[in-house]
Structure formats: structure tokens, C-alpha cells
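Shared between the two complexes below is chain A, which pairs with chain B and chain C, respectively.
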Partner chain A sequence: MATITKEIKEILKGIKSLFVGMKITGKYMIKPKVTVNYPWKTVGKEALEGFRMVIQLVPVPANGKSHKCIACGMCARSCPSNCIKLDVKQTVEEIELPDGKKKKKVNKNLEGFYVDFSLCSVCGLCVEVCPTKTLTFSNYPYIVGTTRNDFVYNILEDFNKRYGKE
Partner chain B sequence: MEFWKEDFYSLKFAEKKRDDTIIINIGPQHPATHGVLRVLAELYGEYIVRSECVLGYLHRMQEKMGEIKTYPQFYPNTGRLDYGHALAWNWAYVGAIEKLVGIEVPEKAEYIRVITTELNRIASHLLWWGVYILDLGAFTPVMYAFEDREILLDILQRITGSRLTYAYFRFGGVFQDIDSKFIEDTKKFCKRMHSRLNLYHEFVTENIIFKKRVEDVGIFTKDTITKYGATGPVARGSGIKYDVRKAEPYGVYDRFKFKIPVEDKCDCLARYMVRMKELEQSLSIVEQAIEGLPEGDFKNKKTPKMIKPPAGEVYFSVESARGKVGIYIVSDGGMNPYRVKLRSPTYSNLSLLDEVSKGMMLADYVATLGSLDLVIPEIDK
Partner chain C sequence: MSGVEWTFIKIVIGMLLILGFIAFNAILLGYGERKISGFIQGRLGPYAVGPHGSLQMMVDMVKLMTKQIITPKKADGFLFWTAPILSFMSVPVLFMVIPFSPSFTVINSGLGIVIILAFSGLNVLALCIGGLGSNNKWSLLGAARAVSQFIAFEVPILLVVLSITLMTGTLSLSEIISKQGGFPWQWNIVLQPIAFVIMFVASLAEMNRVPFDLPEGESELTAGYSTEYGGMGFGLFVLAEYTHIVVASSVITTLFLGGWKGPVFSGIWWFLLKMYILCFIILWIRWAFPRVRFDQLLNLSWKYLIPAGIFNLLATALLVKLF
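Our next item is the complex of A and B:
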């Protein structure tokens, strides 16, 4: 007899548990939505804070127009997937020192800073290794493209466009 | 078409085929296998006579990649081994090199590591919880789990920069400091999560259909566990009290008070309960760590820029959400490691399944497979 009552109790408890689940689901049905209807609505800028996307050059705080990249190539060498290519034009000029001796001076001019984002794994080694702290991550995540080359960014050109330098 | 006459594994498996059975493929593309795991199963009616897991569909040569890259260049790889609990792998690699080179880690960095790793563990368990119930045939709980997990990923994203494949830890510290917003959000999340866990138990753990699916299903005896070297919640669900955080404390884990949940039932429900209790313990660790967060640097400034460890070998292990993660590195004194060996817990956990699955119902097999908490990228490496 005792076992039968125990079993009936178990069954009743089981049936009750099904209704508890229904109750919770019902409660959630009338609660506000937590998701965002993506292509028409996007999350705010706050939600993207700190998110790592393609690296970008930082303007000097003093004038806000130029960058401090010295084209040393540390970022390209530290990259695990070789996705950074620098286009550097080297010119050598001879300068005269005050004591009359002549010395060769190498000028490095940065003409392009290419990042292949399809290979990048946003590890941040280039940002850390930069001796002048000129690199940071951007955080604009909505990038699209139809070919692989669409994800090769010239971040120097982007910098010049954004900060108005010819 | 008799597919089992096509490739090497099936040919070998079909050699012992009985006349009254059929061989089926579970996977490699099957929603219950969480990735590309292929299981060859010989069925008699609905009972599994024997089964064999075929691995290698996601092999990426992570160990070889470690040998051709310099030490810091291996960071992103460690984030991509286990997408569930990437920070544990981060820690294992970073810890191994720190041990070999002898880099000191500032106290604050250790605390940040504990906080982020435990948050990541919670995220991993939430992912498992939702997806396991999904395996068992209930769709709604995964939505509840993801609601909480998204909050957690938002918190971690502000600090670590990614949502899933982190590369946050550095030799001698972490990539960037945490701020007051992170601490506030984490506190809020911990508060919220306690009540959510009650809801989870009410919603799923006490549900009669769930109980009938997992109780006394997939029994792993202590012998099987020790024979195959299974660790983590799988071992703890069979009454083996082993947790790297307590057994060989690393970082600052010896300063926190937490219990290791152990269940003796050995079935799927036991492993489920272990993970649910671990969520509570992780929350308590996070709360303690935030309370005792010291001031100081987030990265050791004396860390050499060029990591060139002395010739020698090192082994370092941490506890991930799935078990014991170990990294063994041999250095010959050069720029690259001579050998990187990765010990992934799920590989050992999965290997016991072939033995256990004999005589099991097919539906129970799926329940058991889910209870192992498999992450295929980690198994195949």
C-alpha cells in the first residue's frame, strides 16, 4: 500500500513539474524582448566598447592630424599570421654635421599600411609591440564584402580620410 | 549503398559486423555531436552493440603550429582550442612559459585572471546546460541560458576584446586593466545569476521528462574513469574528488574558499548536478576575488620583450570547465618551442564512451554524449 501511495505522489509531482515549466514560459511570453532585430536595429555604441576589430592609427593628441608611425615594421614582424604589409619608401640623403663630417641619413616614408583582416586573429601583439603607441583597435563590426580583397584595408588611407590630411 | 565499404574506418569496423545488425553513422554532421564528431555505431534494433568514435575532421595542427611560431605568437591559437572555455587554455600556456622563464606575475593580474577565468567557466557551463537540454529534446531552456550568457559575454568583451576566442593573458599579466564598470557589471551579474540558478532548477532539474531521460543513464564506474584518465565534471560525477584548483593550486586559487562538488551516482544526472553546483562555486569565487581585488599593476613591466626561455621542459596544468588542461613545452633555448604538447581533457573523456556504450539505447547514447560536454576543436586540436 505504501509503495502505491508513494508512486502516485511521484506521478503527481511529475505532472506538477510540467506545469511549473509552462508557468515560467508563460511569464516570459509577456516580458519585453531581450534581442535586437538586427539589420534594422543595432546595439548601441556602448555595447561595442572594447570590441577588437581592424587596427587603426592614432592621431597625435597635440594636433589631431598626424600620426607617429615611424615605419619600423615591428608590427609586421610580430604578427602571427603575417597580415600586415608596410609600403615604405626609403630615401637616403647626405647631411653635414656641425664639425664638417658628412653622414648618411635614411628617411623612411610610410606610403601604405595594409592589413589583411581575413587573416587577422585580433590577438593584439602589434598594438602591444608598437614603440610609439600608434596602433589601437577600432570597434566597428559591421563589415561586409564580396571578394577577399575587400578585407585588405589600407589603414593609412583611412587615417588620412578621417583626419583630413592630403 | 553500403557506405561501410567506402573508407578505412568503416571497413575496419565492419569486419566484425554481425548478420542481424546494421551499421549507422552518427555524424560527422549531426546536431547532437556539437561539431564534426563521427560515431560509427552497430545497432541491433535500437540497442548499440558496439560503437567507435572517428576523430580528425577538425584537425588543425595546433601542436605543429606551436613549433613554427615564436612564443608570443602562439597566444591566438590557445584561444581557439576550446571555444567554450578559452581563457583556461590561455592560462595554461602563459603559466607554462612563466614557469619556464621565471616571470613573476603581479598580484592584481592574478586576481584579474581568476575573475575572468571563472566568468568564462560560467559562460561555458551555461552553454553546455542549454545545449544539453536541447540534445534531450527541449528547445526553450537554451534561450534562457543564452540570455544570461550574452550578458556575461558583453562583460568579458569590454575587457578581453572578443566574445569567444580570447587572447587576453600575456606573459607576466594580462592585456589591459579592468575598470570600475567591469567590476560593477560583474557584481550585478553575480546577484542576478543566483536567482537565475533557482529558476533553472525549477524549470529543468525538477522536470519529470528531464529526470526520466538522465537518471541511471550512462553509468561511468570509477574504474572506467581512472582507466581512461577522464577528469573534470565527468570524473567528479563518478565520485572522484579531483580538481586541479585544489590538488595543485596555481595562481591565487589557494586564497579562496570554495568546495569541489562531487556526486556518487555516476549517471548523467550526477554529471549535470556537478556542473550546476560548480556554477554556484564559480560565482562565489568571483565575488570573493572582486572583494579582495588588490591595487597594483596589471602586467609585470620587467617582462622581457623577447621571450627566449632556457633549454629545458615544463608542464603546467589548469582546471578548465571540461577537466584538466595541460601544456607541456620543451625548449631548446631558441626563439621557437622545440615541442608543444597539448593535453585536452575532452579527448580522454570521449575515449571511455566506446566501452560504456555497449548495450545502450540509441537515445541514451545521445544523452550520454551530451553529458560529456564535448568540444570537438579541442579533441582534434
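Our next item is the complex of A and C:
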């Protein structure tokens, strides 16, 4: 007798679970949709908050025109996929210290900052390691290209274009 | 015109209307299925072709029809191509006897329900020879599953139909409707609730819908019996599957939900309304429940539905004798 009541209880529980499943899916059916009709509509800016795309240089808040990159190369060295290449021009000049001694000073000038996004795994090590906090992720997701070279970005040039230096 | 000629013309016109109705329903249900699946998963579903993607199925049909027809090298060509044709061939006959409204019945047969049961049985033969002729292990397994599933679930359907027949004393679908009233409490579902549940579950299993879609179970058997089919061969199977959904909904509407009778303005619209609500629930179920295991499927039929059906039949017989 006990087994029969147990069996009946099982059956009733099963039937109840069917209605629970129908209720949950029914609720989702009438809920607003989370996707958008992509090529015609795109998501707003707030939906892309925190989205990681190719890294970019941050302007200095004071003037908004220059960046603080010192071309130290920490980002290139920390990159696990070796996708960052820095084009640095070194100039050596002799300067006179106040006490009369002469000293060589090395000036590093950033000429190009190349990121191969087809290799990048957006791990964020370069952003974390940057001593002057001048790297950050951009969040424009709609990129497309027909060759591999389309995904090699010169982010210095992009920075100059955007913030109008030179 | 003599009576025979008139009947012949009526059958031809009815056949053409039915073919149009089948194509219309396949498009409607195909679109509905994709939209409903999208909505339940928080997506928009097809959206590109036509307003809200409503012409998507037309484009899909063109694609299916213009595809190259490929027969696998080691398949049995005759069996392989008989299967989809046979699967679709039996389908228009099913609509012949369904009484959409008093004037909208092609053949007002006294044996309507028997014809439907007999011709819907041809579908499983098509699946069987399709799976056998494909010369593919997945197809063969799918076909074997289809046959054993069909045999298991044909029995409860017959028991249910028998109890309805005992109650109404007729096998004619239009007479079964005419014995029911327009209001919900006059329908057979009130007198035979167990029969309705059995019929609904067994119909789902008979037409291989989720959660009983083991013959084509995508995750285990790639696509089961239809693995080797492409283009219109596959299209005919899909067309037959969607039509079986419509036929099953129509039969349940006829037997349990009062057919074309409604509280006001009885007519074909009540039939179509009830039928499409049932179709909607069947499509909805597909995205709500996971697939059952095969032993669970057979247990459901042989351990629960058939004993319940026999009990229901005996109780019905007793009550019919008493009152």
C-alpha cells in the first residue's frame, strides 16, 4: 500500500512539474526580449559598458590632447600573445647638470603603437601593467575586415586623429 | 449531373483546398515554431524577410525545393525515395474526413475516426523504410525507435477512441460533434478528462514531437531517420510532421472540445480557433520540456497510459450500460 501511495505521489509531483515548466517558459515568452534586431538596430552605449575591444591610449585630463605614454615597453613585454609592437625612436642628448657635470640623457619618443587584434586575447595585462595608467580598453564592437592586416591597429595614430594632436 | 460525378468533382475540389491548407499550415506552424522558440529564449526569432520575418518560411521553401537531390551511394534508392513520398501521401487523406463545419466536410464518412487512425499509421511505415533504406546506423536506430514508439502509443489512442465511441455510439466525426453542445461544460472533455490527457500525450508521442522525439533526437542520433535526406525529401518529412500536428489537434478538437460548436455563432472559426490553440500548446511544449529517455517513454505508455485507458474504457462501458 505504501508503495502505491508513493507511486501516486511521484506521479502527481511529475504532473505538477509539467505545469511549472510551462509557466516558466510562458513567462519568458511574454517578457521583453534581450536581443535586438542587429543589422538594423544596435544596442545603446550603456550596454557596451565594460566591453573589451582593442586597447587605446587615454588623454591627459588636464588638456585632453596629449597622452602620458613614456614608451617604456612594459605592455609589450607583459603581453602573453606578443601582439603589441612599439615603434620607439631613441635620441641621446648631453645635458649639463647643475653641478657642472655632463650627463647623457636618453629621450624615448613614441612613433607608433601597433596592436595586432587578431592575436590579442583581451586579457588586460597591458592595461594593468602600464605605469602611467595610459592604456584602457575601447568598446566599439562593430569591426570587420577582409585581411589579417585590417586588425593591426596603430593606436597612436588613432589617438592623434581623435584628439587632434599635430 | 449524376451523383457519382458530383461526388468526384467534390473530392477533387476538396483535395486541392486541402493541399493549399496543408501548405498554409506548414508555413504557419514553421514560422510559429521559430518565433515561439525565439520568444521563450529571449530572442526575436526570424526578422529579416518580410514584416517581422513573416515571409521567412517562403524563402526556406524555395531553398528546399531548389536544392540538389542527393541519394547516398550505398542507399537503396527505391526505398530511400519511397519514404518521403509515402510519408506525405497519406496526409491529405486525413483532412478528407475532418468536419471543419457542417458544410465544410469533404467526405462525411461514417467511419471517419477509423480512416484517420489507419492513414496516420502509414507515416510510421514511411519512417521505417526511410531509415532502413538510408543504410546509415543513425537512420536505422531512428527507424527502430519510431516503430516501437508508434506501437506503444497506438494502443492508448485506440482505447481512448473506443471509450468515446462507446459513449457517443458512433464512429463518424461529425456525429460525435453533434452529440456535444456549444458550451464548455457540454463538451466530452468534462465527461472524459482522463481520456483527454491520454489522447494528448499519446498524440504527442505518435507524431514524434518533443518531449517524445526520440526517432530524430538531434543530440543522440544526429537527425534519426532523416539524417541522409536533404532538399525536398527532408521537406516532405517536415511537411508531414507539421500536418500531423494539425491533424492531431483537429481530432482532439473533434473528440473532446466540441468541434465547430461554440457558445455563439457556431461555425468553422470555432473549430480553427480551438485547433490553433492546441497547435500553439504543442509548439510551446517543445521548448518547455526536455526529451525523455527511451525506457521512460515506453514505461509511460505500457505502465501508465494503457492501464489508465483500460480503466477508463471499463468505467465508460459500465456507466453507459447503467444510464
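Couple of notes before you dig in:
Throughout what follows, the second predicted complex is superposed on the first by the 132 of 166 C-alpha atoms of A that agree within 3 Å, B and C clash if a C-alpha of one lies under 4 Å from a C-alpha of the other, contacts with A are read in each partner's own complex, and residues count from 1 in each chain.
We take it that a contact is a pair of C-beta atoms (placed from the backbone, for glycine too) under 8 Å apart; a residue touches a chain by one contact, two chains touch by 3 or more.
All of these numbers come straight from a predicted model, not from anything done at the bench.
When the two complexes are overlaid on their common chain A, residue A:Met22 makes contact with chain C while staying clear of chain B.
Shared-chain residue A:Val92: touches no atom of chain B or chain C.
Once the two complexes are laid over each other on the shared chain, residue contacts for A:Val106 go to neither chain B nor chain C. Once chain A of one complex is fitted onto chain A of the other, the partner contacts of A:Val144 are absent, as it touches neither chain B nor chain C.
When the shared chain is aligned, chain B comes close enough to touch A:Ser78, but chain C does not.
When the shared chain is aligned, chain B comes close enough to touch A:Phe51, but chain C does not. Once the two complexes are laid over each other on the shared chain, residue contacts for A:Lys31 go to chain C alone; chain B is not touched.
With both complexes superposed, B is the one of chain B and chain C in contact with more chain A residues.
Of the residues of chain A, those at positions 18, 21, 24-25, 28, 34 touch chain B in one of the two structures and chain C in the other. Across the complex, chain B meets chain A through its residues 69, 72-77, 79-80, 140, 144, 147, 150, 154, 157-163, 165, 167, 170, 175, 199, 202-204, 206-209, 211, 305. Every residue of chain A that touches chain B in the complex is listed here, in rising order: 13-15, 17-18, 20-21, 24-25, 28, 34, 47, 49-52, 78-80, 121-125, 128-129, 137.
Residue ranges of chain A in contact with chain C, taken from their complex: 11, 18, 21-22, 24-26, 28-31, 33-37. The residues of chain C lying in touch with chain A in their complex are 36, 38-44, 47, 284-285, 287-289, 304.
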